[in-house]
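Letters are used for the chains, namely A, B, C, D, E and F, taken in the order the chains are written, and counting of residues starts over at 1 for each.
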Amino acid sequence: MKDLYIADLAGFEEGRSFDSFFLVLHKQQRTTKTNKPYLNLILGDKTGQLEGRIWDPADPRIAREFDRGDIVKARGSVSRFDDRLQMKVEQLRKAAANEADKTDLLPATTLDVDGLWRDLMGFVESFTEPDLKRLLTAILANTELAQAYREAPAARQLHHAWLGGLLEHVVSLLKLADRVAPHYPILHRDLLLTGVILHDVGKVRELAWDVGFEYTVEGTLLGHIQMGMALVEKTIDSLPDFPPRLRTLVLHMILSHHGKLEFGSPKLPMIPEALVLNFVDDLDAKMQAIATEFEKSAREGKAPDELTGKVWSLDQRQLLNTRGWLDGEE
Amino acid sequence: MKDLYIADLAGFEEGRSFDSFFLVLHKQQRTTKTNKPYLNLILGDKTGQLEGRIWDPADPRIAREFDRGDIVKARGSVSRFDDRLQMKVEQLRKAAANEADKTDLLPATTLDVDGLWRDLMGFVESFTEPDLKRLLTAILANTELAQAYREAPAARQLHHAWLGGLLEHVVSLLKLADRVAPHYPILHRDLLLTGVILHDVGKVRELAWDVGFEYTVEGTLLGHIQMGMALVEKTIDSLPDFPPRLRTLVLHMILSHHGKLEFGSPKLPMIPEALVLNFVDDLDAKMQAIATEFEKSAREGKAPDELTGKVWSLDQRQLLNTRGWLDGEE
Amino acid sequence: MKDLYIADLAGFEEGRSFDSFFLVLHKQQRTTKTNKPYLNLILGDKTGQLEGRIWDPADPRIAREFDRGDIVKARGSVSRFDDRLQMKVEQLRKAAANEADKTDLLPATTLDVDGLWRDLMGFVESFTEPDLKRLLTAILANTELAQAYREAPAARQLHHAWLGGLLEHVVSLLKLADRVAPHYPILHRDLLLTGVILHDVGKVRELAWDVGFEYTVEGTLLGHIQMGMALVEKTIDSLPDFPPRLRTLVLHMILSHHGKLEFGSPKLPMIPEALVLNFVDDLDAKMQAIATEFEKSAREGKAPDELTGKVWSLDQRQLLNTRGWLDGEE
Amino acid sequence: MKDLYIADLAGFEEGRSFDSFFLVLHKQQRTTKTNKPYLNLILGDKTGQLEGRIWDPADPRIAREFDRGDIVKARGSVSRFDDRLQMKVEQLRKAAANEADKTDLLPATTLDVDGLWRDLMGFVESFTEPDLKRLLTAILANTELAQAYREAPAARQLHHAWLGGLLEHVVSLLKLADRVAPHYPILHRDLLLTGVILHDVGKVRELAWDVGFEYTVEGTLLGHIQMGMALVEKTIDSLPDFPPRLRTLVLHMILSHHGKLEFGSPKLPMIPEALVLNFVDDLDAKMQAIATEFEKSAREGKAPDELTGKVWSLDQRQLLNTRGWLDGEE
Amino acid sequence: MKDLYIADLAGFEEGRSFDSFFLVLHKQQRTTKTNKPYLNLILGDKTGQLEGRIWDPADPRIAREFDRGDIVKARGSVSRFDDRLQMKVEQLRKAAANEADKTDLLPATTLDVDGLWRDLMGFVESFTEPDLKRLLTAILANTELAQAYREAPAARQLHHAWLGGLLEHVVSLLKLADRVAPHYPILHRDLLLTGVILHDVGKVRELAWDVGFEYTVEGTLLGHIQMGMALVEKTIDSLPDFPPRLRTLVLHMILSHHGKLEFGSPKLPMIPEALVLNFVDDLDAKMQAIATEFEKSAREGKAPDELTGKVWSLDQRQLLNTRGWLDGEE
Amino acid sequence: MKDLYIADLAGFEEGRSFDSFFLVLHKQQRTTKTNKPYLNLILGDKTGQLEGRIWDPADPRIAREFDRGDIVKARGSVSRFDDRLQMKVEQLRKAAANEADKTDLLPATTLDVDGLWRDLMGFVESFTEPDLKRLLTAILANTELAQAYREAPAARQLHHAWLGGLLEHVVSLLKLADRVAPHYPILHRDLLLTGVILHDVGKVRELAWDVGFEYTVEGTLLGHIQMGMALVEKTIDSLPDFPPRLRTLVLHMILSHHGKLEFGSPKLPMIPEALVLNFVDDLDAKMQAIATEFEKSAREGKAPDELTGKVWSLDQRQLLNTRGWLDGEE
């Protein structure tokens, strides 16, 4: 098991030795000015990334064969370049199966995934509309899909960009949507919650998360909206007598959830449930982005009553932590 | 009291006589082709508008002096022009004070205004933050303002465009915001609810609703955001020891509630409460606009499973009534 | 068979009698000023539309039961209102099956549909890529779909808005794309032509053309891009061993063919064939719109060297007929 | 007094000693690669900024306590890193009060502030509209405000970003507006000049300039438009019998002076004076930005007939110095 | 000479006879419901337009041959249709040459054209830069061009849309630019004034004003910017030793004077004189549009302290007449 | 003759000596930290750029006088800084005339320029419209212009940014347009091809390519559209009896070929030929940009079935090589 993390190295003095398990995110052969070959690595774990240098790739203590995506055990020492931490790698071998846990090696939700899953299934259980209930039951009963749904990040780098992020985001949305639904009697609660559960299901195919978080080529060419619709359409078509109009509405919820053409939704929300889905999805993503931004400010040593820097994903606005600022008043 | 409404006339045959109280929305002197002067009126009540013609203004049964904004009692008969209903006015006098109720003469909320007001005051009562509580108490204790707050429409013609519409919109928002607030522990509930109560308070000065719904000249030049801020600033400055930072946050909530510069908010929401206020305000206005649109479709004789026409205020999209459509499936 | 068309009536004097077959596009009961019920109709054939009035619906020579979408035989006489032609309908009965040809009753391509279809099949025949060939063969072998593909208009009212318009547009594009393809050796000709044939296939479900040209509710909620992709995906999934990457590319061609997010393509063209498809599709639609505009100008009596009016679908620009203008020079 | 400026150091050879007064703009503790603590400073004066390093913070010649915002006297020697000038600080103490003049330590107007102020007061003196005259007299008689108005920069980094820049910009605008006003008899000169004097008055609270030029948190949340309006409203409300309509117009001038919603003006200019204010303000800011750009080009060694680089604040256009270019023609 | 104008007819009773000279703006043959041919005319003079009907074109008192663009003398009587004035034409003949003055028949400047022209020539006289002086002298010495420059409207329907409007606009701009120039010593006054005189010179070819105000086909295809540049280039190329760089700057002034690509200037202003030209041109056009709007409001019977309607050419804003509003305060 | 290129140096070891001819793209005097002057050069040839350092400018083996734009012969050795190749220059002299070929020193088309020119002239030869034929013959007979047309790049850095790029782009467009023209009988082929040949002719004056590729000052102020129109207008005006309407159309083709106002075309295409020119020009530029992007990806070591990076000039989209991806499927 892994007991030393990249974040722990910050306080290490120059030259101190250590070893740990890492995921190889990048591997490249380079040459020094005197034309000697060396290897440049980017190693990662759930707390961050670290540049590694292997100055003597022919050393017998360095594995011959390892590649991007492998989990390795590496030993070496701390060095610094331009105030940036590096690792001088002296020994390296591939990890045996199960020697290390992948959830230690990529950023992951801090919540309990089994609990989140139970929450999700509880919402499905609460449905009174039988067709939507059997649709969701059928989709989530697919074990391969369910496993991916539990693991997938919600995005590559904006909000909820960690393992389990998709599930975490969906469960938060389910709770929020379930609070909002009774306020508008016109809303079909089960259809709204179905939209919440399925709107981003295509992300399990749009994104790959075995080595860092990346878009697949298929994901880049088709997008999660289209991939999710295809997946849901296929399941519906396998269910006998699924009402055609309900099918259209479920697909419309997925298709329109980004809310605007220029955000990649080819149709605007045209039913109340689709409008509400777009709002709660957008609100939850922004509230999560704000929380992330406040954490980042704190990490960078800003006082609780200072404004954050300009936030790119929120139209370059700066943010202020309400309580931090009020508490800072003399 | 008024017992006949404009909407009731639709079924009247040509030439039938009737009388009722109306609000004079427009009055203009014209001449016929043979150069005889006549009066053209637009008369209104809470159910709609009606064109009226006085062919003989010198008739002693027609009041000499009446004007736009007056409540009148008129007697005449139904005529039609191009399938459009007109009234041939034969007698007209100004109504005595209290002879007619203004709420019969302009569109008004169907909800109980006293009940809505109690709801509003109940939310203020629930505050735990003492400074916000005394701010709202001070504002709402101003009887002139409170009266205007109870009467004002929320808009001239988009959502909640009726007497009491502002209060109805605010109470709906309070309930919605109170549902959303516990979902995000970072939120300062009382600040959020303060923003809900005060965000549109400037509309009591931006709009005039004694004769139809119109913008005042001052409202057009300054806008309700600025007028509301000025009103709140003045009250805060009259309260001893109101915390300056809390003052800034309350004003920022009002200033940023439209969410975008191009919608007239000179600042984007920069605290979580302002972001949530912008979302719930926008969502509630859109949900109300959707409800209005479905009613309009029904009035125009569309089937419950038909799409509405293109809705100008919702980016020209068409809307579909979820249940109406699902129920229409054979 | 129909031997008199609406366009022929323009020269008829007031009161002249005639009869013909028409499609009932609209039917509404109204009342006269004296409260007598009458029927207002909109009748259509492939040359235009005509308002009809049945002043005595109880007349035994008027069919009791007929409705929007029915083909009827009507006899009556010409009247005019505000320089607009009307028909005073005196006899009306539903047409027997096959008494009239629907292609006489809606605007339709002036080209030979069988010939266009042979052109299309000839292009498929010419493919050297076997998987794309069997995909298209499978899709076009579906007789219901093939029939719809031959009949569908390409749009409700912009370019090629007539029966057979989709096929006409596609065959024009095939010929154009086949001219362009050899110019760029990088292009995969069969993939490009596949994109041409399938890019708008969803229009057979997005649009309905039995009574006028309208969007279906499903079409409005999902759009032809999504409907076409679903149709193609389903066929591909029924073909054994279709290469997954080729499948992705075919779907990407459909998904991206509008070329911009704000035009409803949720992905930009990312392969050369998709880029070329977007260009030729856009060019052909615009060239067709220009031709339509020149015809309209001629019909309105403009000289061949005059500018057209401002064309809404072409960014409000005016157009000039090159040869007409050059020939007009003294 | 300060007799050596940062700009003077450019020609100093490596290692040469010097001392002077500086403003501490930034102070941060760091560690060397061998984990020894050192201090990194950014020192400023009115001619620029200089990085400073204190390698031995424990040296008794280095003051124990000093902070961002302090004026210090420092002695040390020139070093260079990557062609960038640094100071190796060997002695440092806090300056005594009045030992150095703050106007030497921040960029400041090169014009005579007292003269500018007299110009401003002269314009007020020239008013014939008594209410506007007493309004401005009241505002400018507030000594705290008047002092801030004389000191404030007009912006953080675009045009007139130096001490006294606000006053310099306003006086330039007054002269320009006074030239333009007689050209349009419709203009109310005193109202226009009132708008000029008050349009940016909120900047005295939006910006802070004691240590560099920064936005205050309140300024970021509310903006100078809102802060200026509040200040003016409060003064007006303290004046007996100020005409309400004139009050609205003065506030509208401030509110609309950015000219477009997306530039932060929640209302467009609706009176001629507001339109002219927007134009002259925009023109003067752009002309000043052009002058700054030509100076920058000269400083960077460009010939007088070369184009400048792309100017970010002027839509990325390049600029050309008319006379420089004409004179450069052989 | 013409002594009765269309505006005078407003007060005429039905049936009253009159005669006057008119410009035929439109002539079209139509048929009555009973298929009798009649002529429909639009007649104009400088005060407005009037619809005319010739019910018996074969009447010997009606000229056989006349056409759009002809000046005619017509006699007839007043009739009204839908409150709109018409003329029943009973006699009509073509006017002899010089019988009527074209400036009575199209809207024209109320200023003295000879005086404006002297103002313009006075500015040219004042130039100290000899090359610009001889350029302008050469252009304005072209009598055909000078005549067109004196007559041309500045636009078809926005600002200064009347005969002499171009000259009126240019002289106003010259005076304004001459006020602004000394404020910025960097400005090359003669180059700025050259830009003012030449920026719209292409309008003499873009527009035709012999019959109403219309764009020529060439004007529509090329635009006045391009037409003006071509005209100026040709003149410069005919002048010996005109400095090439000065030539480029003069052309750049014309090319960039609309200030933005989307307004039809393919280059942004890149020299200070071009920037100032764009500002004063835009300001003067807007101030003129505001004046026109206030006149229109007055004509429509609005009170001087009412807002105008929404002004399409000014981003839909409403306008307020400062003095009218202030004076209206009780 | 040059027999060693910058691209060849990549594999050279540190310190190896070499010599070759280079173009001096940039020359700047600097000083070392110890204040010793040295020269910093940027040297270029058709394969790339190389930084050079002359540490002892006083060395008699270094030419006294040479400047930006000169061709030099330099001898020195390879050094590296931050993995970036540098040249330590030890000897340098100016090249004699004809010692080196400028086409070796700037990137140039790989196609045969004489062949391209014959293709171009062949198209002109094929014209049936005599006026367009004599126009093009007259323009291309100008030897100075013809020489520039053969040499000019099509752009500074986007598509076809190499010597001969303009001619290469035009010939590709001629072939493409000649394929498209027969598809639309409405098109005037010779006018379309005339537009192709002349649309970018102004680039021979907008760009300078003797030392790198740069915009001239005149080019920046006026742009190639205006410069090309002026050149064509002048030629037309020298041809007796050129039809005025044809002249307008040719100019309109040039003026509108960017297709949108915001792309610098002050008029939209208004004739079919202009529309087609805009399409084929845009398509050809994008197809060339795609080809360049695939080459760049290959050079950077990406696999043929990987997506490219985000392409700035194509709206940040990523691209995929169709065949590379299909072939990469296992």
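Just so we're on the same page, contacts are C-beta pairs under 8 Å (C-beta built on N, C-alpha and C of every residue); 3 or more make two chains touch, one makes a residue touch a chain.
Remember, it's a predicted structure, so these values are computed and weren't measured experimentally.
The chains in contact with chain B as well as with chain D are A, E. Graph distance from chain A to chain D, where chains that touch are one step apart, equals 1. Fitting chain E to chain F on CA positions gives a rotation angle of 180°, reported to the nearest 5.
Most remote chain with respect to chain C, judged by CA-atom centres, is D. In this entry, A-D is the pair from E-F, B-D or A-D that repeats the interface of A-F, since more than half of their contact pairs coincide by residue number. Taking each chain's centre as the mean of its C-alpha atoms, chain B lies 63 Å from chain F. With centres set at the average Cα position, the gap from chain D to chain E is 45 Å.
Taken residue by residue, chain D touches two or more other chains at 217, 220-221, 249, 270-271, 307, 318, 320, 325, whereas all remaining positions touch fewer. All chain pairs that count as touching, in label order, are A-B, A-C, A-D, A-F, B-C, B-D, B-E, C-E, C-F, D-E, D-F, E-F.
Taken together, the chain F residues at the contact with chain D in this complex read 30, 33-35, 217, 220-221. Residues of chain A that touch chain C in their complex: 217-218, 220-223, 225-226, 229-230, 233-234, 237, 248-249, 251-252, 255, 261-267, 270-271. Of all residues in chain B, only 13-14, 80, 83, 305-307, 318, 320, 325 touch chain C in the complex they form.
Looking at the complex, you find that chain D touches chain E at residues 172, 175-176, 179-180, 182-184, 186, 188, 191, 243-246, 249, 268-273, 275-276, 279, 282-283, 286-287, 290-291, 307, 314-315, 317-323, 325-326, 328-329.
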